[in-house]
């Protein structure tokens, strides 16, 4: 059930409703909207008696939830959630969130080189894995804490916000200490223990769609995080597994408008994993922006052929610069913007 | 094997090479390019002796074919094929090919109403099925010849080129008589008898990707048509079958750059079948143009809720007008154009 | 709507009901069952007035159809259809239908060698393609009429019933002349013109499931054939297209009990195409019989490495003999039998 | 690289080779086979110098590994691994491993009722989840430690070995304390932190194939466990995600012979999750045994319609008894056995 407060309800009234819900043994999730606050309720086993709540001052109406999810739905909140990372960097707002960087942090040198390049081209968020979930136990698994320290340096020196993956309860503590956004990878989209732990974090979470996740499963995975009280979740489409063999995965751009219809959470696209082929990253980045995504996550490497992981899908900084140029123009058609690159000649 | 003629080879020299190939018992396919003509050879069982051909005047080099297809590949022809339908309507050139109209021709009235609307919005090609391949034998199967006559009227009265589906050897004769482009539907992509027959037609062929066709299977299906001597083939991505259930099919936009890398044939996108949901048609149309497609095929109906087929995915003429506006802007970012609508107020 | 006749209804009464239906402008499909005859009605656009029919002598009840198909459903006929090919060869009865032979008829010699071997091992039906639908226009396309003549010889000399594929309206006329069962391949499962033509044939039809066909699509394809008056259809599972890459296709054995629940048509399994790998044919054949299939279709070649098509999935006659041994034992667990091999030593 | 010891190599010689490998900075995995011991090496970054090892007494040959996995491959160990759980219960040997029980432990009463029934029918292993990974955060998540205590009672009172799922590092410690086999669910197949932790356990691990995992990914997931020193891994096919909609998942029985060709690990089948439909469990169980699986995992509930999870796919104890009868007969065709049921009348 959702409680829709009246538009002029005071914060005291909202608090009182929340306290009442908690007294009933449930958990209250007040979500402010542009015109009014909605309150989601979780923790109930069956239907909730609306009468006791409807009688409280400031309550507009009690709405039954028609979907399996309660907190991620547009029913609860009409406006798209905008996640503010500070320093003017927001995800879900008019300015597109461009996250760029190497697949993995390999060394200080490599990381700084790429950071300088992507910052110059206009990226405001930096990606780079310190913990790498790899199909083989014998593949490079990331620099762990050492990698996170390099990322923290990059934030300080280049002013980039850090998005990096946590793979278990242990790594998430370090990631929330060093990073700005906790990434949960596709393979962990239904690692419910990790989702619950991320839901207890103060840091926003970037949740990647599992390789064979339906829309409902993606939204329910996000619901796990919100249900624990962390409402700052960004979804990410990164390709699904199909029979098609001309790309590593099949990028499902139709999920962008589908998510936007069902949920208030922002959603970005990762065309690097989504295609697995360097030469497809630019055209699919244009398409992702054209379809209405809130941003991109792009793998960039200055020596893709020597990358320790995912070299085939990493683009060179020069190509990234061109990518930024192209999406800047597409974005303007949709009334959105891309941050200017400091080093850009135009 | 491909024969690359020298750039200054005369047409007599080209003819002589073709005659030599035919004398050897094979079939010659001379394909003019912007700088030189290439000649594909089919009908051989094994490798061809190059020596006898290389010795002929005007021959540049004999190149072995590295792909399973010979005639559809970029190896044979570097430039994208532009198909000229007359009256300035071309597919594969700078102006995007926008094909719009109802799923099925239901009546003269319905067809003319929609034709007027899409022409006014800038479409230069009209779609509408007279033969409908339907999953159920009890569903509306199309008006057949009567439908084709209505389409011929539309061409005359609205100046639209007609794209309509042939479903067997019988219908293809009528379609090539009444229409401008013969459509081969997704279910018939590997109906090899129909492909061979289409290869003998003088009319261009629009070949839709099968619902579970790989890139190679799509190109090989086109190769069947070219091998019979019809080099005017347009490919069309219309969604593939996956586990995802938020759309009827999963539109695979990555196949556009993949086709463009492998083949010289133009390729368009059908977001109506590709998503099966009206509200997804606009965003995916923008994405299709942004990814670099050569055009769109859009189902438009003035009364979608009363359509005899595919009502769920048909958009209203007003939405089509907006779609044209939006893709016009995206197209200009990519250096391409969309024909202006006659009735447009701007 | 289905008309369930009373169990003691006379053939005159059944005829009278059929005449009444035809007079109403529809088509009547009388289907005899073990206890009573049911009559399916097709050709109606909307609901049918039951009253006029219910009043006729011998009519038990009029039952509305709850499925999109009318004639293939168990609602119409409770018992599994048994198709009698003469000489004691039946499909759908207690004796399993084992269809074996080469992918393609390559020569008289090759065909007769394999026919002798599979007959000796107990097969009573012979497969072999005279028309081969091939992905590439440059691959071996079959011996056509010459191949059919070889097959006719095999029938005469080895007493095997002939199952062979028709690929278009032209070939189906020859196939129904020379063969005993008309095979419609997976790529043609939704070639509705071909289905309609097969529905007008006097010969039984073996309909293979399309590579990405749902259960409903398969049943609706069969419905096309029955709607034209040919009630002798055998379905065939031959693997679906998935992401899995350890086999060429993924054999979906769960479709066997699913079909048996919905439809009265017999269903067999083709583990050769279903797996595409020789070494998987035996174990999956055992599984197919154990799951309850009505038979198998197996590719056998005495020189698999030299086969003109599908060599990778063809098994050697010695392996086929072992296969027959193994399924004979599995069959007996399910209360079914396999014909004894004439040349078997046991 | 694999070290194949001579057949008469002494345990001192084997120890010496392992010590040498550890001295080189790698990890040695001695795997005894029926005729000789093989030693796998992990922890190396590149190729290993074979010369120093080949010179040691008792070494037969050094074999380069041709697959991405080293320890799960048949190259390392020719015989199928047999996992001994004590009391005569083995997985991978001639007697099939039948694991049966409810989806979730719901109460002592429910659990004991089902345990009594499945033990009577011949099951020697009991399944029942105390930790339930659920798509929705609002669904029943299991009784946790209380559930494990109920399972421990069942082992004591019914003599059944306990197979139960661990979902994170926390639960695995309890599961290895209370259970006999640690189950890793499909959603966690690539939860590499969990796999590594399971690799450090003394208890065998049942690893379920992910819903969209390829054969190689499944084997690499198992490799994570073996690389940590736990060689007792049982694989489990439980259905993959495809477009097909007549079952919840598509059971891929061809993966059984595929695994058996590549790996020495035993593999069982879960037709309950594999189909998601009660009425498909029996036929697919027969098929799984016929294809050659080493056992089954079956959901049984005495009140399926009231089950807190997966009621649709749980079968009644009476059906389970019939299932055991049927597979007992199929098993005997393959030279395998099923334990007799104590309470069986036959």
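When the chains are written out, they are named A, B, C and D in that same order, and each has its own residue count from 1.
Basically, a contact is a pair of C-beta atoms (placed from the backbone, for glycine too) under 8 Å apart; a residue touches a chain by one contact, two chains touch by 3 or more.
Here the structure is a predicted model, which means the values were calculated and not measured.
Distances between chain centres, each the mean of the C-alpha atoms, put B farthest from chain D. Chain pair with the larger contact count among A-B and A-C is A-B, by C-beta pairs in contact. Put simply, the C-alpha centre of chain A and that of chain C have 51 angstrom between them. As a whole-number value, the distance joining the C-alpha centres of chain A and chain B reads 38 Å. In chain C, the residues that reach two or more other chains under the touch definition are 212, 241-243.
By the touch rule above, chain B contacts chain C in their complex via residues 42, 68-70, 133-138, 167-170, 187-188, 190-194, 196, 211-212, 216-217, 220, 223-224, 227, 241. Those residues of chain A that touch chain B in the complex are listed here as 212, 214-215, 240, 242-247, 250-258, 261, 274-275, 279-280, 283-284, 286-292, 326, 329-330, 333-334.
By the touch rule above, chain A contacts chain C in their complex via residues 241-243.
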